[in-house]
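What follows is a pair of complexes built around chain A, which joins chain B in one and chain C in the other.
And then the complex of A and B:
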């Protein structure tokens, strides 16, 4: 056990996923509060064909190229969702399901085409982008994650006041001179960025959980926006550390599921123990003879 | 109070193809307490949202204190209708009131002690000091309305635009809101309030705009709030509230 904890490779990968999960938890909290958590899910799945296509075009699994492919497909997916909802009678959840499944289907089709094809070499690692495999993360993967996470957190910090007002009361925010479209754009860009760089660590299918679960945990523990953000970030980091450890220790366990299971455990725990969780509520009910306000 | 603080000329607003407001010509007197009344679907909310530049009109022009630029909106405090706010957002009453100070702070600057003092004073005016650390989701309808009026007061605007502030609140809050409106009028503020109870218009307001897609009548309550004008506005729907 100590071998793993002190190994340089493990440490750097753990730091990478922890930073990613911290930023993801914070950004995800904003999306969840805006009622847009499933947009992250659709974008997560939709980035996968971007990875495979970027690989097909360049021929090597180079960190930055694949990330650019993922970002482009994330944007494409968002535009597709927008176009479907504004030009047809399909509702948002319909559009999300449609985009999610067709983009991911495209990714799977491309991957199976590439994998059996003698024209492409070194395809075996592509699977890692579906469920995540921290053990095979390169140093460059981790650097990219850290850079992207810091950029995201910096943007979030710079626009903290505006985003807070915008998410709470969009009408007031417009009248107060805040550019709502810009706020929406920032939240979206940061979400796509984090998803794209986190794919190798957590995988396209589960990455959305890194955005949603910490938000749920944060909201159970606090009633202050800043504290909710902080708790969300920290719970993401804790889960990332434990998940990466489990995945590295048992070579065959993908990192995505390991992190997400840890997060789910934290969530269940919070659901029972947190101030706004089930247990406290029922105690309150028994003592006061009424539901909590 | 002779000056017009808002002048609207030839305003037409449409949702997709459906006209919502047409040929609106209207002057709002400075330092007045102006009620906007009319049947459901008359375009009352649409009109104030257009004034707040939340809806883009098809044509026409709106001048606020002689200005048409976006910056002038900072001199207006808008108290939203209930449905427009994300009630599950984790924030305290004091935080909400402090948001009103954002208008004077801009980009990066955080509220300082003076802003906090102003916010606390606003809460006191609305008799909400005891609720300053309360979660916004835990408030009753009346308390929420008070919190939002406190935010508007903290914003220290010249014009207050309120969308049905008396809808679904207790009588104590209603009286308090009307008292505060009167006090602030004495400080030179102007109020534009979408109002749904015709029986209290005379008591609560000094000017009235009777609206049904277009302006049926507008002016001092005593002069224009007549049976005849109300009849004209409400005839189509056949409802009187």
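And then the complex of A and C:
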């Protein structure tokens, strides 16, 4: 066990995913509370064409360029969703599904172009961004994740009070002189940033879980915003550590999915055991005699 | 290669018929969840049968699809988790399980992850089946049956679907089982998604379900016309996608999905109630309102003779805007100009009278 814990690959991957999950959990809490959890899903899928396009234009598979491509397409996807929902009767649900799949389709079309074209070399690794290949994470990937996470948490800290008021009472926050659009924009930029740097670790499809699950766990255990944030961040980190350990110890277990499954297990446990969970509630119901309405 | 196009069109038709109801009921993301989780069913059944086209695959995957819907329901019914969060949690967990199974055992079995997830309709004709002496692609055969079943379901249960979609409370009172219709619909969605997975891939199939329906939704209000129109868009998208994808050697399903966004955007921008027309309409309204207000100002006592400076200062107009408005008002004979002063004509006064009525101002 010790030799796994001290091995270089394990440390790189564990540090990267833990920092990512910590920041992801905190930022995700805000979007879950705003009822925008699935926007993260759409953005995650939509970053894929950005990655392929960045590779096509620059020609190298370098961490930073690909991340920039991902961020740009994440923003583009969000703007498309925003435009569709605010200027037509299409609901958020429909707009998300449309944008998510169309952008992903564009990514696949570009991907098939790159793969069929002899001008581009080393296209093999691009698929890693769909499912994530944490085992191949480089030192530069981890640095990028740490930098992006610190930026995100710093922004979150700087605007903590404004965001808190905006999340719970948008009307009051506007009367109090807070720019709601700016707050929404900040939250989204931070979300897109974290998704883009986390793609290599957990992949475009599963990354949304890192945003939602810790948030839900946090909300089950506490009602105070600051504590929910802290629990979300910590549960994300714990799951990331355990998941990375499981995938390193077991044979042929992908790291991203292992983290997600660990997180899901924590989530199910919380659903039953947490103070607001199912078990406590049914005990309460029995004590009150019969079903609560 | 006409068979490839046929497979694509039949897939698009089979999915878009159901897609209309998914869009109207707000189930698009639930369907997205299903299209991801069926992978788990496919993997599990594949490990047992070792045949990618076995009917067991469809059955197992459909069961997982229904299970997904049920688990999402179950989680969100505890009221501890919002529905959208529940969707995101459930599908990622099941999808992660599927990926772990594949990565763990893919050494022993032949299951190409890319084909399952991305699909490649070009390969569809290689897997053939004998039907009534004709050799046709297996995918075409399966999807044609599913198209018939889906269209039959919509035709037979049209009334029930309509009622439960638009007014579930009334449907309940009238004695229709909304739950039954809902689960039959989701079963068909799962079966269709599974059958379509190797043609279009399990991620893009959601696009085939919702994109044509959403495009049609922008244009019409009647349910029946929405169904027909979405089928038309489905055919247009897949034909264009096929031509471009095949012509430039790109992923046909990928191109078709993107084309679907392009057609949606074109309709979104240019339809009679669309973005461009709304902008034009609001600009016209703004202009006519400014003109009415200029006339109203001139109708007030003490403002009957106004210079250009006074008007521009009052309404904060630019030089160009002022000229445009004044030209319009002069040509239409609402005002007249004499030595640098503007005054109302009789016609203009009449107009202000109507303006007061229109904006419900005291006359």
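Basically, the second predicted complex is superposed on the first by the 282 of 293 C-alpha atoms of A that agree within 3 Å, B and C clash if a C-alpha of one lies under 4 Å from a C-alpha of the other, contacts with A are read in each partner's own complex, and residues count from 1 in each chain.
Note that a residue touches a chain if its C-beta (ideal position, glycine included) is under 8 Å from a C-beta of that chain, and two chains touch if they have at least 3 such contacts.
Everything quoted here is computed from the prediction, not taken from an experiment.
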item: Combined model on chain A where chain B meets chain C, clash or fit; value: fit
item: Which superposed partner A:158 touches (first chain B, second chain C, both, neither); value: first
item: Residue contacts with chain A in the superposition, chain B compared against chain C; value: C
item: Touching partner for A:195 - first (chain B), second (chain C), both, neither; value: neither
item: Touched partner set for A:176, first chain B, second chain C, both or neither; value: first
item: Contacts of A:40 with chain B and chain C, given as first, second, both or neither; value: second
item: Touched partner set for A:224, first chain B, second chain C, both or neither; value: first
item: Touching partner for A:66 - first (chain B), second (chain C), both, neither; value: neither
item: Chain B versus chain C as contact partner of A:267, first or second or both or neither; value: second
item: First, second, both or neither for A:52, with chain B first and chain C second; value: neither
item: Which superposed partner A:168 touches (first chain B, second chain C, both, neither); value: first
item: Distance in angstrom between the closest Cα atoms of chain C and chain B, superposition on A; value: 7
item: Common ground on chain A, meaning residues reached by chain C in one complex and by chain B in the other; value: 219
item: Sites on chain A touched by chain C in the complex; value: 32, 35-38, 40-41, 45, 83-84, 87-91, 93-113, 116, 127, 130-131, 205-206, 208-209, 211-213, 215-216, 219-220, 251-254, 256-258, 260-261, 264, 267, 271, 276-278
item: Residue ranges of chain C touching chain A (in the complex, touch as defined); value: 23, 26-29, 31-32, 36, 75, 78, 80-82, 84-85, 87-89, 92-93, 95-97, 99-100, 103-104, 107, 113-114, 117-118, 201, 203-204, 206-207, 209-211, 214, 217-218, 245, 248-251, 253-258, 260-261, 264, 268, 273-275, 278
item: Touching residues on chain A, where the partner in the complex is chain B; value: 33-34, 158, 161-162, 164-165, 167-172, 174-178, 219, 222-225, 228, 293
item: Residues of chain B touching chain A in the complex; value: 52-54, 70-71, 73-74, 76, 78, 80, 84-86, 88-92, 95-96, 99, 102-103, 105, 107-108, 110, 135, 138, 151
